[in-house]
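Got some structures for you, see below.
The same chain A turns up in both complexes below, where it pairs with chain B and then with chain C.
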Partner chain A sequence: MTSHCGELHDREMPHAGAFPASSDLWQASSHPMSRRDVAHLLRRVAANPTAEELDGFSGQLPDAVFLLLTEESPRYHEFEAELRPLEEAAVRSNAANAYRTWFMWRLVLSPCPLREWMTVFWLEYFGLGIERVADLALFDDVVRSMRRLALGDYHELPAAVLLHPAFLLNVRAPLNYRSDPSEQVGAAILRTCLGYREQDFSAQAGELARAFSGRFINRGRLRVSEFERDTGEKTILGRSKAFEAEDIPRLIAEDARAASWTARRLYRWFCCDTRMPSEEFLSPPAEQLRQNGSVAAAVRLILSSQWFFSEAVRRQKLRRPVEFAAALLRALKGRITLRTVTELTAMGQDILQPTTLDGWSEAGNYFSPLALIQRMNLAAKLVGTDENFGGGLARGAVETWGDDLPNALTDLMTDQAIPVEIGSRWEDLRARYAASSGDRERVAAAMIYLLAVSPVFQTA
Partner chain B sequence: MRVGAAAGSLLRVAICAAAVVGGCLIGGTERLSAAESPAESAAELCKWIPAEAVAAVMVSHPADLLRKLDETPAIRELESGLRLAELLERNQELRQLRAAVSLLEGQLQSDWKTILGDMTAGGLVLAVLPDNQVVVIVEARDAEVLRKVNDFVLNLARLDPGNAGKREAVREAEYRGVRGWALSPEESHAVIDRRLVLCNSAELLRRIIDQAQDGGEGLAGSAQFKAAVASLPASDIGVFVDFRLFRDLPQVQEGLRQARSPLSVLFLAGLTEALGGADWLALGLAYEDESVRCALRSGGDTALCKDFGFAMPASPGEGVLPNLDVPGRIMALTMYRDLRDFYARKNELFPERTSGLIFFENMMGIFFSGRNFTDEVLTELDPHVRIVVARQQFTPETGVPEVQIPALAVVFRMRNPQRFGPIVEEGWQKALGLINFVRGQDAQPGLILDRMEYQGVKYTVSYFSTVDEDLSQPLPMRFNFRPVVIAQGEDLILASSEGLGKSIMDAIRASADSDRPLPDVSALLETDLAAVAQVIEDNREALIRQNMLAKGREREEAVKEWEHLKRAVELFGKSVVKVGVHDGRPALDAKVSVKLSTLEQFLPAE
Partner chain C sequence: MRTLSRRTLLQSGLASAVVLGGHIPGFLRRALADERLSPSIHDSIVVAIQLAGGNDGLNTVVPYENDIYQRSRPTLALKKKDVIPLQQGVGIPARMKGVFDGLEQGSFAVIHAVGYSNPSGDHDRAMEIWQTAQPDNPHPETGWLGRAADHLVPSPKAGASPIPAASPSVFISEIATPLTVIGRASVCVKAADPASLTLDASFGFPAIGEGTSKFPSAACESLVSDAIAASLRTAERVAEASREDKPGNVSYPSTLFARRLEWLARLIRAELGTRIFCTEMGGSGPGSFDTHSLQANNHGELLGEFSDALAAFLADLARDRILERVIVYTYSEFGRTVRENGRRGTDHGSAAPIFLAGGGLRQSVVGEHPDLREMENGGVKHTVDFRQIYATILERRLGIPSQQVLSASFEPLPILV
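Moving on, here comes the complex of A and B:
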């Protein structure tokens, strides 16, 4: 592809030549969605569907469902009104673990899940981490901006993040003297917003850093020193001028490479993280970003497309620990607790701390033998009766679905299919469930666990 | 539930119910008369218990205990409300038990409380022997009542449909002229004159019969047992434990080892050592006026307590000062602790020098400008130490912290106030300076030091500035702290909040005339859970949030759980724990107020 100084860095994005072949596949799907289609869509935008979503969305067109998913309904405002004071209290008390837990509540319980998961997308995109920022109030502020703009103006979003004090703290650059510009600022921008590899940074990292000189973060506040500003000419993204920090987000938003890079990351987030299509194929969503400046339009294009609903895209994503837990809890209306969130962090995915500026580890790295054991243990805890992990998942499922539980579970968790490797065990449990009266909860817990640790549930 | 097993359970449950609260909550309200009881005490029953028993629980007058509980207004209120009875009706096993009891009442033409009172009129003993052998002996008013109850239980077992087809639903045998029955392999019983003997093995029953017929003192003749019984004040329930077997258990040793940190040694002062070297333990429990009294005594080598002279009043009549009474008091502890002696013996008391202790010594060296901490600092304090924890009250004008933490104060008595007061003041200011320095390194706000005056006494206060705070919003947790150091006469007050410091100044002035030591008391702890309930109320939102976080509950559920916690705390009132000396060893007496009237709140709504 055309670039200013080298190829996009593809740490997590293998190319697959001309796959897929035709951009026509971006055309909106005109078929009403089946339950399987709804499950596929909801797995990508909300970790997993709920029973109500499966019932309510099937038979509708993807485009119509997209509008419903992005609608800020009265229920969403009620949810915000209840949750926000809890987050504010966590910020006031500087209780990062409590804040993490409320964030997980959002992912599982929000009536507008697409917005919450898009916030996670941008968190990973910019590599913003709660520990790196080390100031909960600032972190909360930038996360709120990202949530507000998660499906909003593509041009406004980089400004909201790159000019925020949290960005400089995140890259360990609180003091930016003219005589000693922090090159890591430029490196972070090139890497996260434009997809450059380190060897291709050239002089641009230094030039970008110069633009940020004069910006100091002191006790959580941004102070701009006119004396320390570097007012000289800088060459950034092929343009030369006396750019200052305030100009950089605009330069990025107007840059074709940045739009292309963002489209690739959106594709990977929603469609597939095992094979990447060509740059040409991704040009329609990239154009939506660059020309229309609308994140929502780009996401809508992807999620409504014929390609998104093709077999080549289904079950092509692996669930990382947070997605795994959120999927299980969302499907079965489980409770989110501090211990669950702490356990996820111990499993290598702190929901508010992408491992590096490039994001969390590749999904495949969460499937080592040890990680699988951790995943199975977490599943056992979530379906068990320990109140510290919510407890009552199985009891709630039995109360909700009664005799129909086996069907409801496969409907929500495996697209009605029973993986061959668990077939006989599943049949045995199903028979026991139908026959049992007293120990139904125990059998239900075994059934949920079996599906939760099955290979198919590890994919989205 | 099989009737055979149920009958066995019934017998056991009925006996135990006489000794504890449960029994009197189920049915009628007829009074039992202790005056009609035979005069023999439960200790007399211990003559039938083999001497190697490791523990025994004795209830001399179960009927008296039942009567006391029965006379409690709250219990009557509960019974008249009938909600508990309805609750019991929902449990299948309890329903069966209730049906069996009704049948028994019909057959004996009496109510169950009278039957139970008659069955246990002479006392009750439950003893545990090595190899998990358990025996219960009760003495009835007369042999007839035992015969009737026994016949009833045996007939019930024989009629049990669950035992149909079995050759021996009830096994029966005779040993040395005594007839015994077994309703299950884990149950054997016999009626010997007015006594019912219930064992968990036939072999033990035979041993009890041997003991009864051969005579002898059994457990009652053991010197340990005699000393334990003699050590206790009058109690409704007495517990004896032969601790020689338990004290060497690895778990007990580990527990005692963990209690040897400097602070534990200072506060517990010999209690754990007394326990670790005890040959026996005795516990007495009594219930009166909605309060549970408890006395704990131990026996054994007193030499083990020699290291704890720092906590023993130096002369007869010497002891702790009365606790300080301040508004919103949650807890008050007054101790007799010679801190100089304590610290001088640190090498013997806690030979494993931890990094924490080394750090402490270094810091004390800095704060007190190189003075010897033992001989130039602690020696200036006399052994009367008082600690107070109290609820804080905040006003919207000064701001209310998000989480409200109770304030803590320590009050020392100085030997030379004129000389030592300024030394402490200097050390205090250095400590705050250090705290400010460290907080500054983390870009955290520091404490401002100021001098104030209250009732003619100048003191140092330090506080966090609220200049950058919005007082209409909950404040960060640091605003719980406004530390003061006050030297008022010979009293040195170190408090985490200025309000508590001032309240203590008032309390000391008010009690100046009655401030005499409590003789032979080395520590006195008083708590008031009503104030804790108030703190729970103050922190309502924080506790609800914590519950939502920890359990993932929705707000409504978390609110209910919070209400439950508050009611649980309100169940208890004031309590007092006193540590004194008995035969050269620490002895502990406690009194806990239990408001049974609030029990009803714990019953589920209809």
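Moving on, here comes the complex of A and C:
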């Protein structure tokens, strides 16, 4: 079972060892986490750790931290209530950029970051794009469902998305006549939920499209025409019956290939941008999805595993522009602004618009020379005093950490316990910071910039 | 039509006579260009210019002696005195003098009546068709140059670095990146303000070879370290190419479009390995070429602005002897109706001429001006499929088999050396 899976390439890295054969590595790690472990985990689930998380989670077992990260605490509900007016105002005024900014706020500030980033995962998984849906209210509605189910029932999630009007708009199939079913509906399902490549579609795209006949989107609402429903037998994923749209999410959730594909995507999301293990290696998380029907169980298995904390998985993620900015702003409690979000879009990653149904481009493609110049310039703007980019990042850091700022920065922005050679300029800035009084903010900004543009901060 | 084949030229014995004479007229130089090697398919550069709104082809390449044209446009038709003759009875507006000089020098060409079957009159859909070259795909996700860029980035195979050595494409404008340059794998760098592509040194520069954790699992960090080094070299080249105190610098008009082209020239001059550039004039949405009312002055101004900026761009590239490697093409969602409407404007039509500019052009005028008696959607019928031009650019300049990008076979046109 290899050919159906889509293009998650294995780019073997220099010096990379072979994947171990044993799936024992999926056993939960029984070691209390060091600060370095906490930083590794938080880089993968929240873009970057905060100082509080580094302090609070050190010494705990990964599994216990997973529960804390997914807990919908009173603080999370307060946070939700606090941000809701912004969300509603953006939707009411159909202000997509304001909505993007609000979404980034959630990524950076949420007390339940894993849920937020899993929402981004599902957004990419289904290839849902704000411009493609072109109806902010509908887009918001489906994003809410994805957030609610982001770590929930694997069987319920496809239903929440595939039966939502936004899905049909996303694939430009608002009108699904029995006599002319929209094959792009079937093609999108095969690509996004099952990882099929186009050459492997065979007749299935048409059969899936028939199941969606009779569904029309009119002024943002789903209308089902009984007359236009194709009630004939269809053969989908090897099963034949008079399937209708409502049956499709269940067929997908029960399909072993879908679970395997989802496990691969979760592995790519959390573990490694560069290498993909075999499907056999990934069968434990895939089984969690298919048999237990639980996204949380699969994610928990990955994030608590001995494999996840092994050196083979560390530092194997390249930060795409959104992750880069979120990491910096989360570490140093910076402000997200519209201009920052616009810059990220210019760098090729619109947070609410995966480039194609297959998602955003592979992370390495965001590191071309000109893209990196833009990234360095964004770092300079974020650490500078320009209010359009939040301003005050360095000032806030100086106020928070005072004399201890250099240590706090290396703690938050590099790889703890591993000697990171930042170089003589860092030492020079450190000395200037210790000696300075008036231009401390300026020196702090230079220190943050130097770390932000260093290789170690571009990876996770 | 003033074209001459190389064979005819050589047979006539004119070639040696002209060369010996020292002065080579543009049309002969183009014919002689066949003698040269084609610009290398390994370093040629494509520049796409989007003219949003639906440029009026009939007032761009003007059949000023045509009765139907004159009768159909009582207030908009240009007269002989308003144009520079190009072919018998056909000319370009006098305001486009800048590119006419390019035409004389063999660096500018007009292709008549470009379009496709069953053209769309809807702005969004028509633009999407031109951007993607997929008129039969109701759900296109990538543009034709984006797919071309996908071919130019390293293939995802074991052992290959996941980081491209050069940025595969660049788009310069404030509007959203057009589908034209959106690829499945390649990431187009967009610069609303082109200056954002120069490195901001407010806080110093990244430290080369430092800031890695020196740990066996840090292979990604070493890749990034190399990428940062490459980006700093790129920044140096951009800075050098942007120096404004060089002798012989070309003066650009002070328009936004000209500024974008000036930056494109700088980036091309910097030899960054980027093969695909895109910019636009007319903005987003319906765009300023959507001249439904009071067209005469507006359209003339737009063409003048376009022409002056493009002429400066071509001169700039020629000064650095890189024009030969560059091919510029323009596109717009449709032409406009032959008949003027009641608001002294024109409505959405169908086919229209497009422009090519750069090096290695074989002809200055390709095809015949369309017959105004044969209309489609109120506009002129196409005689050249736009995908033939794309196929030509893909094969003759980017070295990519066109079928892989266009998903169908289109006969390239014999327009590029």
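We adopt the following convention: the second predicted complex is superposed on the first by the 436 of 460 C-alpha atoms of A that agree within 3 Å, B and C clash if a C-alpha of one lies under 4 Å from a C-alpha of the other, contacts with A are read in each partner's own complex, and residues count from 1 in each chain.
Here is the rule we use: a contact is a pair of C-beta atoms (placed from the backbone, for glycine too) under 8 Å apart; a residue touches a chain by one contact, two chains touch by 3 or more.
On a predicted model such as this, the values are computed, not experimentally measured, just so you know.
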{"item": "Contacts of A:82 with chain B and chain C, given as first, second, both or neither", "value": "first"}
{"item": "Which superposed partner A:225 touches (first chain B, second chain C, both, neither)", "value": "neither"}
{"item": "First (chain B), second (chain C), both or neither touched by A:73", "value": "neither"}
{"item": "Partner, of chain C and chain B, that touches more residues belonging to chain A", "value": "C"}
{"item": "First, second, both or neither for A:240, with chain B first and chain C second", "value": "neither"}
{"item": "Chain B versus chain C as contact partner of A:199, first or second or both or neither", "value": "neither"}
{"item": "First, second, both or neither for A:364, with chain B first and chain C second", "value": "second"}
{"item": "Footprint overlap on chain A, where chain B in one structure and chain C in the other make contact", "value": "none"}
{"item": "Partner chain A, residues of chain C touching it in the complex", "value": "138-139, 141-142, 153, 156-168, 170, 176-177, 182-192, 196-200, 202-204, 206-207, 210-225, 227-228, 230-231, 233-235, 238, 272, 274"}
{"item": "List of chain B residues in touch with chain A within their complex", "value": "402-403, 443, 473-474, 476-477, 541-542, 545, 548-553, 555"}
{"item": "Touch list for chain A against partner chain C, complex", "value": "7, 9-16, 131, 171-173, 182, 184, 273-274, 311-318, 342, 345-349, 355-358, 361-374, 376-377, 380-381, 383-384, 414-415, 418-423, 425-426, 445-446, 449-451, 453-459"}
{"item": "Complex contact set, residues of chain A against chain B", "value": "82, 86, 89, 92-94, 98, 101, 219, 334-340, 387-388, 390-391"}
